[in-house]
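Encoded as structure tokens, the structure appears first; notes follow it.
Order of writing sets the chain letters: A, B and C. Residues in each chain are counted from 1.
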Amino acid sequence: MTAPLLSIQNLGVAYGSGRDRRFVLRGAGFDLAPGQVMAIVGESGSGKSTLVRAVAGLATPAEGEILFEGVALPPLGKRSKTMLHGIQMVFQDPGASLNPRQSIRTVLEEPLIVVGKLDGAARRRRVEELMDLVHLDHRLLDLRPSALSGGQKQRVAIARALSMEPRLLIADEALSALDFANQDKVSALLLELKERLNLAMLFVSHDMRSVRRMADHVCVIEGGQVVEQGPVAEVLYHPKSAYTRLLLAAALNPAAALADPRLSAALEAGGPISDEALAGVMDIIGANALMQEQSPS
Amino acid sequence: MSRSLSPAIVGAGVVGLFCLAVMIFGDALSGHDHRAIDLSMRLAAPLAPGHLLGTDELGRDVLARLLNGMRWSVGSALCATLIAFSIGTTFGLAAAHKGAWLGGALKLLTTFTQSFPSFVMAVTVIALLGDSGFWAVTLTLGLVTWPVFSRVVYAEASSLFQREYVQAAEMTGMSVARLYAHHVLPALVPTLSVLVVFHFAEMIVAESALSFLGIGAPLGAATWGAMLSEGRAFMLQAPWLTLGPAFAMVIIIVAAHSVGQHLRNLTR
Amino acid sequence: MSVAELNTAHEMVLDIRKLRLETVAPRRVLIPNLDLTIRRGEIVGLVGQSGSGKTLTCFAVGGLVPPGVRVAGGEIHLEGRRIDNLAEAEWRAVRGGRIGMVFQDPLSSFNPVKTVGSILIESARRHRGLDKAAARALAVETLRAMRLPGADACVDAFPHQLSGGQRQRAMIGLALINQPALILADEPTTALDPTVQLQILALLRRQAQQAAALMITHDIAAAGAVCDRIAVMLEGEIVEEGPTAQVLYEPRHPFTRSLRDAAHLGRRA
């Protein structure tokens, strides 16, 4: 058993202060080994983004600890170079994650200048290497982000994150703004990079299809609480929480879910869904045993 | 294509160049000393020999006084804008960058200053100073109106710090100076340039209003506001005394607005 | 006309015949020749990628053809009445009356300064001539039918005070309040979380059966869950059309197959 790269212990994040203080995440905890992918799954507003933003230093924990390579992570401004470079992030909105006033070359070169290890010629070579790494044409380097497609922008954002040679990559809904075809391509790229660079990942998503493709472990968050977590096979094939079951049904076979009269009625009514109404969902999950259907080709 | 030059912006350019010439050459441009009294030529109508725009009740050349008024008004408005811009932008930027307490303090201060009409505030400050003169007026206008800038800069910069590309830049550990120079300030340029131009137009009006009330320029100085105020007594007899400064103000303000409008279109 | 024919004519809610849409200048054909019919009680899915012309078709049916585009040929009939040549004033009676609309983003489709209820009440008063009290009662009843928790409170809530799913429920309520013949739903669940999507699809399916519906979506799995028939659109043309099960599980056109594979659709239920 290798030592964990990232260890989250009893993490809580709150907004507001005094009587107005409200926890958006509480009691989250898990370990992540180097080169492993942890999927963080949940609704919008469930606290899943908050969790990874706390790791990235963009949100401040109210309680608990985040250990990176055995050292407790302070707020962003107080992090050492090793910590900063070790953790990088790819954001949800490809349109907002690149400075519209910079060329792609500048976007990729800037972190290298900040790190300051390479001289001009070496930096240019490194920028081209980074483009190769994410399978982008070098001719794009002199364009502005607005000239790129969503998928290309997201690849540039990945390349920028990789320029710091991180050990942990946070992908916060990095695929959800892309269309189906690009989602598949970018998730394939992330998987390839994970293998090549032994990159650990926090992969935030509510798309069970890409979770199944990407993750080694899954952590499901609902209403600011971790409702279930474990190895991907266990969570996807033997989901325990109602939310996970419903999410799986939605991803695997919405038609079958709506064809189930009890489940359909419960869905139509909204609100919490009883275990009885969800009984049929396990059949859907079983019938579509994920591993048989769609083996990775 | 919005980059083509409209007549309005060409006109504004001409007005700007004219301002510059007046700033540099002053009285030489009209050929008269704006203070020279000639009681034999009182209230001469425009186009009178040697007095293109006529004379006032003391026989002083109206054109010379208008141009001097322009030096005073435009100069004061420019300096006041610059002061408001510098203070406001500095405060706004500082507060936006994680300055939780500074942001709170700024909010309090701007709420406080904006709960009084800035003009009333300026009148009060000048009255308290007990001194009127170019710098008293200019400093007061600048110091009273900077929250306009700080508020806008604070709002825009705060939303920029929520933007993903700025957060990605922060995560590389770059210096605050670099973060501002490369990611924050360039994004603020469009808004700020428009704001500066409109603020300038407002300062022209404010300065003239103070002079009109007799608390801006010192007694006897040729400023547009003072000219309007003095010309009131001769409104029917010598309408050119009031029409001259009024038109001058309108031209400057329209020019400033068309520049602002143009900048706004360019950056959209 | 025989009795059978009359019956068919009556049952036909939407009949699009040889619809042709073009840009005005430069002239470019966007949709060359489109036929589509929807019967009472039927939910038809129009599935395609962005730019396929599916949303444009929906706009044409709703009389909302964007500026620069014109109907260059064909006819659209709603309940036997030709609607593609209506004047804007006549459209206002049809839209919100005989045609109810559901859009992708309910937050931007609702006026943010009006309460959800006031928008429903206004629509009911305009199209049905109800007085204020009756319209309000109808609005509450409609929201309740949309299973909006606390419908009485929601009437007086502003759009931003509701969750995304609640807003979409209210939007469907607005579409249905005047008992329209046809519901146009343009990407009704795209902006929602997966489990909320499922809820809205369940609601939409139940409610749309009272009328008839055209659902525009890029998600063939969502269409498969709700629709009776699916038409697949590619570059302005319908390349495949048929009962849902057939389109999903025995697709004839390679594009349909690629859409289905991209959605990683599960086994046949």
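In this text, a contact is a pair of C-beta atoms (placed from the backbone, for glycine too) under 8 Å apart; a residue touches a chain by one contact, two chains touch by 3 or more.
Just so it is clear, the structure is predicted and the values come from calculations on it, not from any experiment.
Participant: Using the touch definition up top, find the fewest steps from subunit B to subunit C.
Facilitator: Minimum number of steps from subunit B to subunit C: 2.
Participant: Sort the other chains by how far their Cα centres are from that of subunit B and give me the top one.
Facilitator: C
Participant: Roughly how many whole angstrom separate the Cα centroids of subunit B and subunit C?
Facilitator: Here subunit B and subunit C have centroids separated by 55 Å.
Participant: Where the centres are mean C-alpha positions, what is the separation of subunit A from subunit B, in Å?
Facilitator: Centres of subunit A and subunit B (C-alpha means) sit 51 Å apart.
Participant: At what distance in angstrom does the C-alpha mean of subunit C lie from that of subunit A?
Facilitator: 34
Participant: By the touch rule stated above, which residues of subunit C touch at least two different other chains?
Facilitator: There are none in subunit C.
Participant: Please name which positions on subunit B make contact with subunit A in the complex.
Facilitator: On the subunit B side, the touching residues are 98, 163-174, 178, 182-183, 186-187.
Participant: What part of subunit A is in contact with subunit C in the complex they form?
Facilitator: 43-44, 179-181, 184, 206-209, 243, 246-247, 249-259, 264-265, 267-271, 284, 287-288, 293-294
Participant: Taking the complex as given, what residues does subunit C use to touch subunit A?
Facilitator: Those residues of subunit C that touch subunit A are 49-50, 147-149, 164-165, 169, 193-199, 201-203, 205-206, 218, 221-222, 224-226, 244, 248, 262-267, 269.
Participant: In the complex, go through subunit A and note every residue touching subunit B.
Facilitator: Answer in residue numbers: 56-58, 76-77, 79, 81, 84-85, 87-89, 91-93, 96-99, 101-102, 110-111, 114-115, 157, 160-161, 164.
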